[in-house]
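Per-chain residue numbering starts at 1, and chain names A, B, C and D are given in the order in which the chains are listed.
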């Protein structure tokens, strides 16, 4: 008997279920031994509190297209990993205990950066862990691609498309806030795909004057409207010059719920043009995975299952140069994959005439 | 020679172009005389300032599926109709002048409530005006349906769908703000279509306690999450009891950009549950018209053209009990079609278990 | 205890699950007595062979957006209702037996024309039956609307949209076959919504010469391509003049799988223009219900449940002039609601310049 | 003055306009000299007959999302390149003449395999040609990706999704024919993304017995239905053993319009299960490009423009290992990029349990 656990951790995304289906179908199809599946509920919480469902391969059938996660998820910050739960339960020992109590041969963990750090910790505690790179943000170190990313880009792009018709009918400036607190992958891809005029991302601090110039130049060239895509975590040059502490303080003092409102007010003030806001928000992680995501998620699932069948653990499934591969967990944990401001796509976007607020 | 003008006024919506195509194709196909088309730019502004394009039927070809309006639009508040423009131009005389200067036989005006009032005024000035019921809000008096409505409902419903997967994965309450400042047609339809648990609309003032009870009851019945659909103009019973002036003052003092943020904070406070916000915003009036809208828009265009060919003017195209008909402009102007709190759909939604915050 | 059965019969469609959810949620929410649900598998087959699942309201949760039917379906031709099954089982007595054995208070039957005839037969046998008007074809007598219809129109319209880009790029004639063996509701609506140049439906026999003229006229007017929408059951004037027997014989001798191929060959022959075929086929009954369908399906479910709670049976839920109502089963059974060739929408489509092949 | 020509050749696809926009925006933005654009109509036909439009950068604005090609396209078989046109015009000299007459500095050619061969021929005649890898089929040698591919996969996958609901409701086998006459990239990706049970592609000849076994095994494992994805050019082992001539003869004798009908009849015969057909057909190359395609198309456009600005010609824009690059035209022309039957994705699909008919 092969006994495997599965859990989904952190913010949800579109292809979590597709990935689990890939793992389960491959194990069921290829394992010489019968397989028992333990689905932990609500991420690491389920592992800590031994909340799980004994599942069969049929439970993972028909979920390829379904968004979200049938197991539920939760955020368990790595920083508090050694802080006991409110009820006194010690997290790491509790997780190790659950793993051993169920005599698991392997734990599949679908999660992003923070969750992978926790997975690495469990590896250090001697558990057989295989991580799968889940996040719409595409910011996981050690892989070119994460599942969730292309679907999120599709949703964000559709939002930019829909705003185009109303922006052009009214001749307005629109500020569209796209997910990305620390990295700008979704805003960059969706901005290019959606035909944005300006894209502001955390990796390239912007100058409001440059944004103004880009808008005015577009109007001069005959444009009736302008589309500004801004990452949640975009930052002005001015703010980027602050100390981390000062910036946090400034953010905390902000009365508007997010950057788009402030930036729109700034743009309206400096350009005198009617400026509106659109925030697709959590829809970017909702709904069905697109076809690319489903293929990639399936490949991740197969590769993870292969590792388990071969008795190799302690890695994260990855894709590099179009090939599936395995990256050791200790190499991944704690690192962030950012947009390189001098990367090809940024350079190409600039040649196209897209402003990044840094000119 | 038949000389007709077209303009699109007020907030844009999805089937404006489809409607104009319907008018133009029908006139081109059925008029015994050749037809000349004058497309006024940016709504009534184009009529006031004589900004127009001489257009052919080919210019209206291939636009059936295109959102927005190829003519541009603007808002010209009826209240300021007799206030001169900033540059001293008298609006009404200027519009009458343009009409006569171009020797128009008819002006087709695609617009909502305010715009129809202005159209009625032009009728009183002796112009041959035919109005077409444009608005996503479906609040136009004298017609069961407006074009833009079903498309907006589709977009709003898709947003609720997408939020469902993330809400259920995380076990959260989500407040989704749907368009409707004065009326709740879109939130009502999208709320029912999207499987909302609670729907709050301007026509039914809500009690926060009742909202709380609905959420708790859902959780008790085994739900892991709750979806609250709130119209932009939803109002609490408490606020509904204020004088109009006091309420406006209260609104003006609000620091958050819209009701969803405040309601979410309220819900989080009274229920103790993690509550998030989603605001599809202007995407609700963007993108392509759905099939229903295109059929209806086309029917509106044909009916308007028929009126013109028959020499009947001064009406708004309407649909009542599934039949196209004509409603005199003077009957329409200045009235609002609201959701009746005791109407069938509200009653049915309540039987289904949807809360309206009034229980 | 209230004991109710549910079954879905005939060709599947998009809002079957949404409708059952409406019934179940309303009964659960409004019934003074606890409710037990019996879901019969694969339509009337489940009732005949007593194949059913005892279900709870939770089983009908989360299915609002899901296409198809969670109960499965099958076709049980009314004509063979009194012919025993292959294994000798007498259908009608078997169904009556199952109903009584389970002590059902009511049977909800979601089905189209044939299935409603069977439901009427069960009513005559003394069962409490409530029918709900399921069919993408919208051909059910006694109701203005059926669930499945607007969703099918959306799919068919999307197909016409997608073909437009390729047709225009290559300057081709495209024949798009849309579902409708006996009636032309979907081709008519999708044809108008999709901007078809020609629409051929069973109710209006066509003349190939007239089709040719329409195409040539469109090319003369500057069109580079033409879109011909043809119902599965469209018929030429020539064939319409045949006796039913002769026509059946002719159809049986046809070597191509469907009318689109033959019509395309005819058009290519008479016009000399490159002509291609597109057949969206079963996708028209697949995928998610659109928002309109979900609202209507939900209303049907509530109305059916209301009937049951009020102790009224033997009717089909219907909508007339925008109001939900109940039509006696004996009035519905065996009748077909066809497109009236002189109805408003056909007349409007003709004013727009759409050809129906009858000019 | 920089004078550039553009043409789109061969079967249309989704991101042709997006690619041209990328070329034009980059040249406009980055060229030190003013640029004049010559858009040739209907592919190489426009170059042969000097049919073109003088265009400005504004003509390429707002087309990012539009499917098809604003220039029109046609197929000009490479094999007949030296056969004069019906009117006696010599193709190659005519194209060279047009190029020189307009004093072009560069010709951008968006096309697939055959069109690239012609482009290479023009290069040999001394013209400055830059090719861009257009095709939904992804079969262009020298690049990992072609524009059109991911969008076509999305459409094909959506079709498989929609068929799933109806297949499962009725418990049927469905044969879905996906584009790919010579290569199986779209069926392979869409099959994996859509959760197909069996995928048959030209590169892996199938055995009907193996297909039957896969279906029966799925039913045994509890499946109610089966989805068979078949490429247009899929071939049985038996037929693959024929000489090319014999096979062509056999194909010519086929009475059904395409392989899906024959395969469905075969499957119904050997399994005794109700089997239906779905053919998304030309919709796979229609409609809007997806976000991935728009990004890639834009990158292709920028890279092509860069080549022109740097004075480098005679290459095809390509992507290898995620990097944009340039492949000499003589290396590309006349080669086909096929699915390797032992490639990763095929192997992964088999581990997942997908049958390819070769077991």
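Keep in mind that, in the parts below, contacts are C-beta pairs under 8 Å (C-beta built on N, C-alpha and C of every residue); 3 or more make two chains touch, one makes a residue touch a chain.
What you see is a predicted model; the values in this text were computed from it and never measured.
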item: Chain labels contacting chain B and also chain C; value: none
item: From chain A, the most remote chain by mean C-alpha position; value: C
item: CA centroid of chain B to CA centroid of chain D, Å; value: 42
item: Whole-Å gap between the CA centroids of chain C and chain D; value: 35
item: Chain A-chain D separation of Cα centroids, rounded to whole Å; value: 31
item: In chain B, residues with contacts to at least two other chains; value: 161
item: In the complex, chain A residues that touch chain B; value: 8, 11-12, 14, 16, 42, 66-69, 72-74, 155, 158-159, 161-166, 168-171, 174, 224, 255-257, 261, 276-283, 285-287
item: Chain A-facing residues of chain D, complex; value: 22, 25-26, 28-30, 58, 64-65, 144, 150, 153-154, 156-157, 161, 189-190, 192-195, 222, 290-292, 294-295, 298-299, 302-303, 305-306, 321-324, 344-345, 348, 351-353
